[in-house]
Structures are given as C-alpha cells and as structure tokens.
Amino acid sequence: MKLNNKKLSMDEFLKIRKEILSSYITGSDPLLDLDQAVEYLKNVPNHKNMAYVLNKAGQEGRTLVQPRAGTPILKEHIELMKYLEQAGADLLPTTIDSYTRQNRYKEAEDGIKESERLNRALLNGFPAVNYGVENCRKVYEAINVPIQARHGTPDARLLAEIIHAAGWTSNEGGGISYNIPYAKNISLVDSIKYWQYCDRLVGYYQERGITLNREPFGPLTGTLVPPSISHTIAIVEAILAATQGVKSITVGYGQCGNVTQDIAALKTLKIKTEEYLHRFGFKDVDVTTVFHQWMGGFPNNEAEAMGLISMSATVAALGKATKMITKTPYESIGIPTKEANERGIKASKFVASLLKDQQFPHSEELFREMHQIEIEIDSLMDNIIKAGKGDIASGIIEAFKSGIIDVPFAPSKYNLGKILPARDNQGYIRILEFGNLGFNDEIKEFHKSRIQERVDYEKRTFSFDLTVDDIYAVSMGSLIGRKQNK
Amino acid sequence: MKLNNKKLSMDEFLKIRKEILSSYITGSDPLLDLDQAVEYLKNVPNHKNMAYVLNKAGQEGRTLVQPRAGTPILKEHIELMKYLEQAGADLLPTTIDSYTRQNRYKEAEDGIKESERLNRALLNGFPAVNYGVENCRKVYEAINVPIQARHGTPDARLLAEIIHAAGWTSNEGGGISYNIPYAKNISLVDSIKYWQYCDRLVGYYQERGITLNREPFGPLTGTLVPPSISHTIAIVEAILAATQGVKSITVGYGQCGNVTQDIAALKTLKIKTEEYLHRFGFKDVDVTTVFHQWMGGFPNNEAEAMGLISMSATVAALGKATKMITKTPYESIGIPTKEANERGIKASKFVASLLKDQQFPHSEELFREMHQIEIEIDSLMDNIIKAGKGDIASGIIEAFKSGIIDVPFAPSKYNLGKILPARDNQGYIRILEFGNLGFNDEIKEFHKSRIQERVDYEKRTFSFDLTVDDIYAVSMGSLIGRKQNK
Amino acid sequence: MNTIVIGVIGADVHAVGNKIIEYTLTSQGYNVVNVGVLATQEDFINAAIESDAKMILVSSLYGHGEIDCRGLREKCIEAGLDKIILYVGGNIVVGKQDFKEVEQRFLAMGFNRVFPPMTKIESVLDIIKKDLEEYGKNTFD
Amino acid sequence: MNTIVIGVIGADVHAVGNKIIEYTLTSQGYNVVNVGVLATQEDFINAAIESDAKMILVSSLYGHGEIDCRGLREKCIEAGLDKIILYVGGNIVVGKQDFKEVEQRFLAMGFNRVFPPMTKIESVLDIIKKDLEEYGKNTFD
C-alpha cells in the first residue's frame, strides 16, 4: 500500500486495530474496548490532562519541568513517579525500555523477571506493553499531574493503545523522529504508517471530546543537529498528526549550546509550525514547545553536570519554552537514581521560576538567526513538498531517500547520512558537508563562510576532525572543540 | 584633620605606618620592612599576580572564577586553598574572620585557640593579622594562582601591610564599601582615611614597579541594591584609590536577578568607571570587573542553590565579567565545607568555559537599561562632586550625611537609611522610597512608574511590604515577591 | 503590650533579618526594642531592664554565635532578669552542623528555644505568643 | 594489518561513539569491520570469522549490556574463535554502579577488558596495541 498523508478511515483504523490488539497478550484486555477507554479518559481531570496543562502554561508564558524516568518493577516505578512529583515535576514521564521499543516483548518479560529476581533494574525503562492497561492505570492513578509515554519506538501502536486507555494523556514520538535516530532497518514508510495509526487513535478520542497531546521527538540524535533540520522534521510530523485529527501538539528542540541560536530556534519552532499547519489547513491546533536540556555527551563531574543543567534551564526559561525536559547529574554515567533525578528537577524548576517574568530581549543578532532558520526551513519544506508532489508523507520519504533531508549520526539506513555538522566561531551549529541537503546555494555559502571563519581563527583545515572535536567538546567543558584544546 | 582626596605624602604615610605596625605584635615582624617586602613581591611570578592575571583575562574576554573561603587553623587553611585550586579556582581568596575585621585581635586569638582545642572552626575566617607575615607567606607559597584578602574591615591598615608583604597581590575593600555594610559606629571620615592608607601602600609598591590589585566591594549589603548606587560608590572608591597611586582596579557588582539589568550593570560598570577615572585625570588605570553571584538570601535546598549559582554564572559569562565570585550549595546554612565550595566552583567554571565565545546580544532593552543606569550615576556623581565642592572625598562624606547617596539595609549610622528598593514587574530593581537620594525628578518618575506598573498588576499598595516580599522571594524560588505567592 | 528585645549579637552586622524581625513583630502588636547589629550582651540586658521586657530574641548570623552567646543567661540572672525568655536563631554556628547537637549546646547555655537556619520570623509567631502567655511560670537559675 | 570488529550490541542504537571509534581506529591503521548498531552476537562473530579479526570491541551504551553480552565468549569458542580478544565498554549496565563489581561480572563472562563510562577510545589505543601484539598467547575456553 502506498503511503500518503490522508486521514485513516474508521474502517481502516478498526481493521488495523484488531491486528494490533491480537499481536500480544495484553492487547486482549477488555479495558481496551474503545467505549470503556473513552469513559475512563472522560474522567481525567484537567490538571492531569497534558493537553490542558500545556496549553494553559503556554498562554501564561510559563516553562514547566518534566524529567525522564522509568524502571522495570511496577511497584518501584510507581514509587519513582510519586517521588518525582514530590520533587516538583510539573509533568511526569514514563520512559519505556529498549526491548519494548523494538517490540521484543518476550525479552522485556525476561527483563522484568530477572530484575525482580536480582532486585535491581536490568531494563532501562518501564515495559508498559507487558504490564498492560490495568497496571498502567495504577501508575496514572498514583499521581496528580499529567503523564506521558516517552520512548523511541518505531511501531508504538500497541503501546499507544495501552497507555492512552490507561489515562496517559500524551505520547511522544513520530514516524520519523522515532525511527531515524532509533532504528537501523525499519523502513520509513512503515514507521510513518505506524505513527499515522497512533495519531489516528488520538484523533478518534478527539472526535469523542477527549484531547490528548502528541509530541514529535525534537532532538533526534541529540548530536549537533542544526535547528532547521530538526524543526523541519517536527513540522512534517505535526502536519501528519494534525491530518489524523490531533489537536494538541508539542514540538521539540534539543539545546545546541549557543544561547542566541537556541532562543532563535525556540521562537521559530513555534512560529513555523503554526505557519505550516495553517498553510495545510489546520487552524485549530494548539502548538506548544518543549526544550530538551543538552542532549549530547555530558560531563562526568556531577557539579559540572548541574552547571550544564541549570544553564540549559536558563535558556529554556528566557526562550519561553512551554516545557523543558531535564537531565540529571548522572547523565554521563547511567540511568539516574530518583535522588539524582530530583536534583535535576529542583535546579531546573528553581531557575524557571526565578526567570518566569523575563524574556531574552529582541536583538538584531537574534532576528538574524531567526531569519536564517526560517529560510532554511522554507528551503527544506519546499523541496520536501516538491518531492512528494504536494503530498507531505511521500515527500518526506523521497526527501530522506535522496538526502534532501539528512540527520547527522543517525543509525537508520533510510537516512543518507552524508551531512556533517560543525560549530562556527561563536558556537552556532552550522553544516560542513551538505550531501544532498535541500539547501539553496546562498544558504550553503552562509554555512561555509561561518565555518571558514572558525577554521581560519584556529588555523586548521575543513574536515571531519572539526565534527569529532565538537562532539567531545561539551563533555570536556567547552562548546567549541577548538584545536588548541587538545 | 579634614578629609580630602589627596595623595598621602611619603612622610605622612611613613608616620602613620609606624603607628599601625606598633598596634599589634605581628606588626613588628622584620619582614614588614618595606625594602624586604619589595624584594619579596618582585619575585612574585606573573601567574600569581592578581593584577596581571585579571588584566590578561580582561583582554581575552574571559571570565575567571574565584570562591570565598577561609578557616582559622593555619594548616587547614592551606589545605583548603590547595583543594580549591585543584577544584579549578582561577584565583584564590582568603576570607578574614569577623573579629579581625573589627580589629579585635585578642578575640581572634581566643578563636584560634578554641578552634584548635575543639578541632572545629569557631571563627568564620582566617585571622591573618594574628598569623603575621611569615604564616601568610606559607599560604601564598603553597599555591600557584593569585591570592587576595577578602574581608569587610573598616580599618584594614595592618591587615593590608601583612598580606601584601606576604605576596598576596590583591586586597578587597574600600573606605565606603567596607564601612557602610560592615559597621555601625565607625565614622566614614575615619574609614576613608584608613583606606587611603591601604591604597597608598599599594601606590608605594607601584612606584617600585610592583602592581598590586585593589577591589572595591561592589555588592554592599547584597540586598536589593540598585546598580547605580553601588556603581557610584565603586567609582568613587576607584577614584580614591587611583589618587593614592593604584593602577589595577577591579570594580564589582552583585547580581540583581533580572538578566538584562545585570548585563547592563556589568557593561556600564566598566564604561562609567573608566569615564570618571579619565575625567579625574587617571588615564593609565586598568579597570576590570567582578560579578558576585546572588548576594541575598539563598534557597535552602542544595540543588536549587546549584541552579541559582549556575544561572548566576551564565549571566556573568554572557556579560563578560572579568571574574565572578562563586557561592556554594550551603550558602543559606553556613560556611561551606571544601567539597561544597568545590561544587560551586566546578559548576560556575563549567558554565563560564562553555560560554566563553558568546556574548549577550545588543538590544534596545539592554541599551535602554544601560542608559538608565548611566544617567542615574551621572546624577549621583554630580551631586556628590557638588557636595564636596569638587573634592570627591569630602563630597562622599557630605552625600552620605544628607542621604544624596544611601544604601538600603546598611547597619551604619553614617548611612541615612531612608531609601527603600523594590522590584518592578520584570524584576528590575527600582526605588520605592527615595529619602534624599540625589536623583533628579525625571529619574524618580521613572522608578515610580515602573513600580506602579507592578503594583497595579498585583493589585496591591505601594509600601514596605513590597520590599519585604522581595527580600524573601529568591530564597523561596521567585525573583519578584508577588502578592499571590504568599 | 508585651515587650521584646531584639538584636544581632557580637561582631555581626547582618542587618536585613533584624529589620524584618522588627517590622514583623511590631505589626503583630508587640513593643519591640531593637538594639541593632553589633550588640553586646550588655546591650541586650540593659534594654530588657529599661523596657521591662519579657523576652530577648538574639540573632546571630555570621557564625560566631557560640562564642558570643556564652554566659548570657548567667548575666541575665545576675541582672535580676530571672524570668526572661531567651531565644536564639539565624545561622548560629560555623558551617553546616547537625542541628540536634547545636540545639543541645545552646539549650545547655540556658536558651529556651533555639532555631535552625532559614526559620522565618513569620513561622514562629505562634510560639512566641504562647511562650509569652506562659511567661513567669518558670524562673531560671 | 590487524582487524578489529566493532559494533553496538543488542537493541542499542547509540551510533555516535561507534562512528567515532571506527574513525579513530581506522586512522590508527587498523582494518575496522563495523557491524553497526543493533548488532547481535552472531553479527559480531560472523564478521570476525569472515575478516579473520583478532579482536572484538563491543559497545553497549543503553544499559542492557549485561543481558546482551551473556554467552558471547562461549559462542566465540563454539565458532572456533578461541583466541579472539573481547573488549566491552560504554555505559554497560543500568545506572551508576560500583565499577569494580561491574568489571568482575563482565570478566566472569569472559571479556578480557572491561571499561567504565566515559573511557574515550583515544585513551585506550596503547592497550589495544599491546593486547594485539600479545594476541595468541592465550586461548580461551
């Protein structure tokens, strides 16, 4: 079946649904009956509904705080969630383990058992599919803020069914953003279809008066991704979602480290997403933003990590992100303890609260960078739309195939993997090698000249070395991987 | 003897010196012989000379990191200094205990003994006068970066003699900034005279080719001090110091919390200090700046404190302060352990290093605030100069007496204590009650209207309540003490 | 109207909390006599005698509290203030110490109540009221 | 030219370190065979057999390393790779655990060297060189 950007009919939806629910034992739970699920979701109060809470924060110009967390043993996961709520999390996550993300429910089951036996976590998250609706509801019921599934699952259809029916009012991901950085062999056509289904499920509930939130995963590989590339993917996923009836979308972005570029990115993310949604005919979608604290390699020292976290929070707050995803002082080591997670939350929330009445002032430099990001997005979007002959779904497939859009360091073979990013002399992320990226010559010239400035300054050559040095730089305390730093 | 701003003659200087050295036993140390001291200081290498290191950082646009620390037992103090250097401090302090600050050397002596007996610190700093030159040299020799005395001593003449002769290349303080916030009954005429002496001592060394650094204490009471007031005092102290022959001056400022106001303050601090030094005929003074991380009440939670510290560091770095004084996660509790101090250093240094190639962009809002601070300084300086009939020393005395210049919350009876600060609706520090402050009507109108905006927004009244709420606010996680927060 | 003497003991100049305590207790209707910062034990005692105070509220922020407060209770008794209620609060010792221990040390010195860092004056108004109501039930010697 | 097989084991997609390891070892003159992310034990073993490799350098970042690595040594032996040197590194277990213990667990599984988080590939080049020089001195069974 060819892929295109059309709303799944009710028949198609229900037909796929049947298959999905029978793909694993927890899919046969009667609680997955749609009428029952609607009934349950109708009782979710506003303060536990992600769409409502984010929309309100967006209107008030506040920046909410959400950690990442998930652990395999149910009882402990519930404790963890309560603890993080207590610590000040405005929104809760549940990070799903990596076997579930690859639909390897059998291995996840083993992981649960082993973890219980050894009484230590052998899975890196909460295997929600294995636990099923009833147990997921226990998590939802134990807490007083909205909860969201956060994962990296190309085929999250069963997961989406289970978590929404359990009262989890948001699902992170998308056919592109949960494939390209998270898979190697899964075709983009497939993953986009899978996510059309996830979005359609949200649309189904929307038709019954229940607004659930969807959040494309902004940071992608978290490694030197230029804002225009991740923004373009977020915009495409927002359009795909809106097409299936989603009305509350949170577009995301991972901190790049140059403060002005980050704030320009946050502002253009909202502006351009709304602009393209309007262009595609979606005028009643609530768009909010999420800022991911530094997504690349972290420093090892815990105080330094706290410095980085709080500096990220400063940028998120001044840039008026609707929410930020917090990191922890253990980031470079491993999954954090709940206490370490708490420290990331508390520091971030303190900064956000302190800066709530302030904004990053408008400046020429900011406008220049916003303009730059905007023309890059337009260039990419034009090429994508052209490639799909007007259909954004087939357009993005073609664009990935030919490298019109290309994500640095992505593991997927459906990503061309030809572009190389590097920082310029002020630490802005620019592009060194374009591959077939859908940038016009003027934009390419701009990028080249900015990197040239740095190369001249450091008296070194244009090469992959720049990229490697920049990848290591932050974990070693610099933003730019200067030659003399070695 | 009447006070005026004139360089002490060599005779006067040596006459006072004799008295000073005989005021306490450690003053009679032969190492205090000026020729010997000059010889010793000549051997201080550049990398251990505060003036050199700051000047270099200033030229490179880097922001150095300096903690506060001092403990009464010599051996432990040396360990502490080495530890903090190891932790990454670019510059070292030695915080002097409060008895020494009040010249109560007998009580300091008891404090040393008691501390040694109980093996825990009963003094809040290092009693350098009691220890004398030889021991202070041990501290200097144990480390590889510049070291500075930091205190709060109205009469620091003996202290200055001892620390400089021991190779400590900088002394914090000033006749105003180490009196008004640090004393109750000591006359300003006296303390300015005492500090003319301290400056003259530095001038003496300067004449022999040794550049030492002097640093007026910028934050004053650390509590809602409007930038123009602390800047004006810093400028006056810079002029007083330059008059005695000081050539390396670091003017300081305590973070107020509104990012734009802080950056505007940092920029105008350097600009206006240089401008007035030039006007007064001092064209060869190196002016650098120091940013004090939040000087008011801190949050109790350590992660929140780390958030505040790192947010402060972000502002210092983007504002291109030459150095920043770091706080620690124990700030609200008590003198930090060395490990807690290390955490403040590491987080701050990480942020400074990450942002070293970036600046806060120029913007209208920034320029507007810079302009505001500048006209306020000019208004205050005009009035001070007028009050002194051209002599800045007698001018500042008159200005304090009449309240032309007035420091909020200062304990000194030589400060009128009539002004009340409060935040406006964006968190800028403004003035609610002017007393006799030397502001023209236009400036007063501006302040009132900005606070009015907040008062209207919060539907409350113009009163001391605003100030009280703002004092508590940061320690409770807000910048502005909003009415509804209670 | 009950009188309370407040002040900051020793070589301590932390004036902000002191001004807020004065403001807060005054608005609660107490007669507040503020000996200010850099106050000696004698300053507190003389003010208490002159104003017939029932309570002395000592602040110490800068860390030397332990040295500065020793003997205050004894001097009060000598001066005939045998019923006076003594409070101490602020950051009364150097550094972060186990508060239980610190409390014991100050109770042993004769203070009636000892408060940990960050105890806002607003949060102890009830206790002050209650203790003043019970003033006189105990004499200290 | 010595051949080293590298890859990221299990359901793990962390690709960045893997690309850097490939780049670094290649510029050191090794013949690098990269089985990429999401690699199974069989992927590593087949690549090692085909390329006649002397070393397998397993990365695991996402935390499931302990489950994913079990049995690798045994399978190598079964496949006739009885001399192959096995390294593992990255963030090989879930969370912050005592590294000494973690190392023991992986040594017991038959790895020759186990590296803690944040060990940059650049910092182990000497060890790799030395171990390759001594290749063949040990057989594992």
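For reference, chains read A, B, C and D in written order, and residue numbers begin at 1 within each chain.
By our rule, a residue touches a chain if its C-beta (ideal position, glycine included) is under 8 Å from a C-beta of that chain, and two chains touch if they have at least 3 such contacts.
What you are looking at is a predicted structure, and each value in this text was computed from that prediction instead of being measured.
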Distance between chain centroids, defined by C-alpha means - chain A, chain C (Å): 55
Whole-Å gap separating chain A and chain B, where each centre is the average of the chain's CA atoms: 45
Between chain C and chain D, centroid-to-centroid distance (C-alpha), Å: 66
Distance between the centres, which are taken as Cα means, of chain C and chain B, whole angstrom: 30
Sequence positions of chain C contacting 2 or more other chains: none
Overlap residues in chain A, where contacts from two or more other chains coincide: none
Touch-based graph of the chains, sorted into line, ring, star, complete or other: line
Pairwise chain contacts, counting only pairs that touch as defined: A-B, A-D, B-C
Residues of chain D touching chain A in the complex: 10-13, 15-16, 19-20, 23, 36-38, 62-64, 66-67, 91, 93-97, 117-118, 120
Touching residues on chain B, where the partner in the complex is chain A: 257-260, 299, 301-304, 306-311, 313-314, 318, 342-351, 353-358, 361-366, 425-427, 474, 477-480
Contact set on chain A toward chain D in their complex: 97-99, 101-102, 104, 107, 110-111, 114, 120-124, 152, 181-185, 221, 223, 297, 300, 330, 332-337, 340, 409-411, 464, 468, 471-472, 475
